[in-house]
Structure formats: C-alpha cells, structure tokens
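Shared between the two complexes below is subunit A, which has subunit B as its partner in the first and subunit C in the second.
Right, the complex of A and B next:
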C-alpha cells in the first residue's frame, strides 16, 4: 500500500457555497464603502483648504442626486458594517469580568449599541445647538 | 418514514484511483442511528474496503470528523433522522489531503500543534515534595473553555483561510496555545509567541468565525485567536518602545 494523499483544490466559488462564508465576504466587502466615505470626507477637507468656491462646489456635488445616492449606499453598508462588527466584539476583546464573573456576550453587544446611540445623540445636540 | 437511506460516500484508494469518486450505499434507516452507525453497517455488511475513523461514539475522542451534507460534523453526533428523504453526502474533511476514503492526512496539523508547545511549561518545575500546583477557581475559569478541544479538526474544515494559506497554524492549534497561555501554572507564552505572533500564526486569521460555529465542544477558537492578536500587538509595541528589553 502506497501513500498518495489526494489534494482537492479549493473551488473559486467557496464563499458562495456556504451562507456563513457569504455573510463574511459581505461583511468584509462593506469596508470598501466605509473607506469610500472616508475618502469623500477627506476630499471635503482638501476642498475646504482650497477656499470658498471649491468648498461650495464640493457641497453642491454632495447634494446632487448622484451625491445623495452614493452617500445613502455608503450609509447602508456602514450600518451593516457597524451592526455585524458590534455582534463580534465579545469575541474580539479579552473576557470582561465583573466581581470575578464574565459579563454575558449579549450585554457587551447591547452596551455598544447604547454607547453608539448616546454618541450619535450628543453629536446631533452639538450640531443642532 | 422511509425504511432505507442512501449514503453517497466519497471513495479514494491511492493504489487504484486517480481521483476520488462517489459511491452509493443503501443502509437500513433506524431512528436512533447516527452516521457512524451507518458507516459501521456498510463496513460490516456491504463493503469491508470502506475506510473511516471512529472510536468512542460519544463525541469525546474527536476521530470521526467528516463532511456530512457539506458541513463539518462528528459522525457519532449526527443522526440519520435529520436527513431522511434524500441521499446523504459523506465526504472526508475539507481542506485536508485525502489519505483514503474518509480518512484525511493529519500530519500537517500535528506539526503545527507541536510547534505551539501544547503543554504546561512551568517557570519552576515543582518537585514531588513541594506538592501540587495550586489554582483558584477563577484561574481555572480563565482557560477552561479552551481546554475542551478534542482535536477533531472540524474547525480546520470550516475555515477558508486554512485552505487559502496552507501554512496557517489554524484554529484548534491556536486555541490550544491560548489555553496554555491563560493557565496560571504556565510560563510558556513567549516560546509560543514565535509562532502565534508570526504571519502564519494569528495574523492569517481574518475573523471569519466559522471555526467557533462548527466546534462540537463550544471551544470558540475565533475568540482565542482575536485575544491572542491583542497580546501579540502589545508584545510588538513593547519591543519597539523598549528596545533591548526582553518583552
């Protein structure tokens, strides 16, 4: 009897064969849109430094139908990115102990959502005031 | 309820076959049978040439991991009754070379595991007269979940990074490294860091999380690896902030 281990190649559609892998690829893919929005914000800072005319043309581009569509798409992916990332935070941090007992994962996830809501509210209050 | 069930089993004989092929076996349907029972029936009654691993029949030995209906599962822990009405596909674990039929080549995994010193490395070896190593319940709780690994390799079959990066140390080996790193009796973290902190250690992991989903012992290798990434990052930073100082 000889040893001749057979190596099966990984199919190129590996991420489509399994729902959990598809969710993973979508989660990773959302970072492209988060990055795109960061680039739009950085472009805004450059335009602001260039003077009033450049800044106003930047604002006009953002308010155009195309600008609004791109921002809405980015918002959707950023929300998905945030929600899925909050969902995995209990695994990504060292165990949180209170009086020697580990804090349940769902409380850590909820804590992130509460903090998110609080920070969003604060930003809205500052901008509104 | 049907009285028989078809098992569609991947076969490969290195002496005879150029590549694997599927073979159907019709086995009696028993509500209390698990897949391992059906494989035993095939070997004893239908085809003695079928090769598979299995031993304890109670999800403790970790021998009978295989792809059942394309999912990595323990054959002793998967009931036929959940798959009635269609042929049940049985294949060897994904991402491993096939040795023969349902048996995979584990050499690569065993080398990776050994490179991570999966045992206690005490700073000071206690003699018998010095007595046992003592540990508080809280110290035991810090690593106990990660100590439940049975090396069944389901996590390797679930992880796409294992397939894409053959040198990746992989979920179970890294979870076991974490298990010993978190043990209050152990002082081997720096020895393990040579592999855990290397590109093919924790950094090949992209946090897919599939390993933890398929683990039959709820070990959560994904959490172990992310926590090791934090320790590895601190070691990296410390080595740069305090040059000359042993991390």
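Right, the complex of A and C next:
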C-alpha cells in the first residue's frame, strides 16, 4: 500500500509576489556571497603558505578590476546580512532580563551595532598594524 | 532510548557563523576589496605571515573562514528547499561537505606556515 500525502502546490515564483518574501530570499541569498568570500579567504591562506611571490599575486588579484567588482558585490550582501542578522537577534536569543525587566529589543539591536563598530575598528587596527 | 536530533550540531555552528559573518566579514571585505586597492592598507607578506605564525592567529583565521562557510552552507541548502530546488540529503552533503573542506584546507594551509 502506498501513501500519497497531499502536497499543496506552490508556484515557483512565490517569493516574487510580496516584498517581504522577496526580502526574505535576498536575506537568505546573502549567504552565497558570504560563502564565496570565505572561499576567497581560504585561497588567500593557501597563497600565504606558498610564500611571498604567491601572496603578492593574490593581493594583485584582489586589487584587479574583477577582484574589486566581486568584492564590492560581496560587501553589499554582507552588509545586508549584518543589518538583518542584528535585526533578528532579540527574537533568536533567550529573553534578557535586567532586574527582572526584559531589555527592550531596540537596545539589544543597538548593542550589536556598537559591538560591530568596535570589532571593525579592532580588525582594521590589527590589519593595519 | 529515543533517537536524538542531530540538528544542534548543524545549527550551533550556523548561528556562530551568522554572528561572525555579521561582525567581521564586512570589515574584512572592506580591507581586501576597498582599502587594499586604494593603497590605504598594504597587507604586506611579512605582516600577514606574522599574524598567521602563532597558533592563536591560525585558530582565529580558521574560525573566520569556517564558521561563515558553514553558515552559508546551512542557508543555501535550506533556501534551495524553500525555492523548490530539490534539497534532500544529497544537497546537504554537498553544502556541509564543502564548508568542512574549506575550513580544513584553511587550517592545513595555516599549519604549514
């Protein structure tokens, strides 16, 4: 005997019908560019291990018109990821209580932006060292 | 004994990767994609080699590569399912396998420095 559960038909363009669904797919789509940049960093560590000449050709590739174009696209999606990720943190984390009172979601989001600024500055200082 | 879900082992690195990608990835792309081409940062071989020479540096760099890669793998396979592009075990293996490979290659490359 076979089971044939009912599957409600879903049109393939469901995510283009409403702006919030489109934003959802763009938000999830940021991951493609986050993953791409992780692969670019992996490549960098391989070149760093290969020595000075390999590292310098890697830097030249990063600075080439194609390298900059790909990275600017990655940067745009990465920024969208950051903003949307911080936006859901109050919903994703366990309730944060201070003196028995829940901390407002707005403050949690703002705290993440402050942390982001601090981390970014630290990374720039380390890389600029 | 009930069969326990393996979901936490997938989801925890996903959440960690989402946070790393949100906090660190933009400034890294800004550095390599904007400030380096503009000449504001030089990212010299000697400086990067020094950063990658200690074990703490190697582990931090590996984490900055692996966790966002795992995060991407998780989202890509889940979104492929949402878009009706199949999904299933095969796609999961490809996605998580690629992320694991990227992390391992990074760690091995750094270990030789």
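In this section, the second predicted complex is superposed on the first by the 117 of 129 C-alpha atoms of A that agree within 3 Å, B and C clash if a C-alpha of one lies under 4 Å from a C-alpha of the other, contacts with A are read in each partner's own complex, and residues count from 1 in each chain.
FYI, a contact is a pair of C-beta atoms (placed from the backbone, for glycine too) under 8 Å apart; a residue touches a chain by one contact, two chains touch by 3 or more.
These figures come from a predicted structure and were not determined experimentally.
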Which superposed partner A:49 touches (first subunit B, second subunit C, both, neither): second
Contacts of A:28 with subunit B and subunit C, given as first, second, both or neither: both
First, second, both or neither for A:91, with subunit B first and subunit C second: first
First (subunit B), second (subunit C), both or neither touched by A:2: first
Partner chain in contact with A:15 - subunit B first, subunit C second, else both or neither: both
Touched partner set for A:79, first subunit B, second subunit C, both or neither: second
Greater residue coverage of subunit A in the superposed arrangement, subunit B or subunit C: C
Contacts of A:71 with subunit B and subunit C, given as first, second, both or neither: second
Partner chain(s) touched by A:57 [first = subunit B, second = subunit C, both, neither]: neither
Contacts on subunit A seen with subunit B and repeated with subunit C across the two complexes: 10, 15, 28, 92
Touch list for subunit A against partner subunit B, complex: 1-8, 10, 14-15, 17-18, 20-21, 24, 28, 88, 90-95, 100, 102
In the complex with subunit C, residue positions of subunit A that touch it: 10, 12, 15, 25, 28-32, 34-35, 37-42, 44-46, 48-49, 52, 55-56, 59, 62-63, 67-68, 70-72, 74-75, 78-79, 81-82, 85-86, 92, 112, 115-116, 119-120, 123-124, 126-129
Parts of subunit C lying in touch with subunit A, wherever the complex brings them together: 15, 18-19, 21-37, 41, 43, 45, 47-49, 51-52, 61, 64-66, 68-69, 71-76, 78-79, 82-84, 99, 102, 105-106, 109-110, 112-113
Contacting residues of subunit B [partner subunit A, same complex]: 12, 14-15, 19-20, 70, 94-95, 97-99, 105, 138, 141-142, 160, 163-164, 206-210, 212-213, 220, 222-223, 226-227, 230
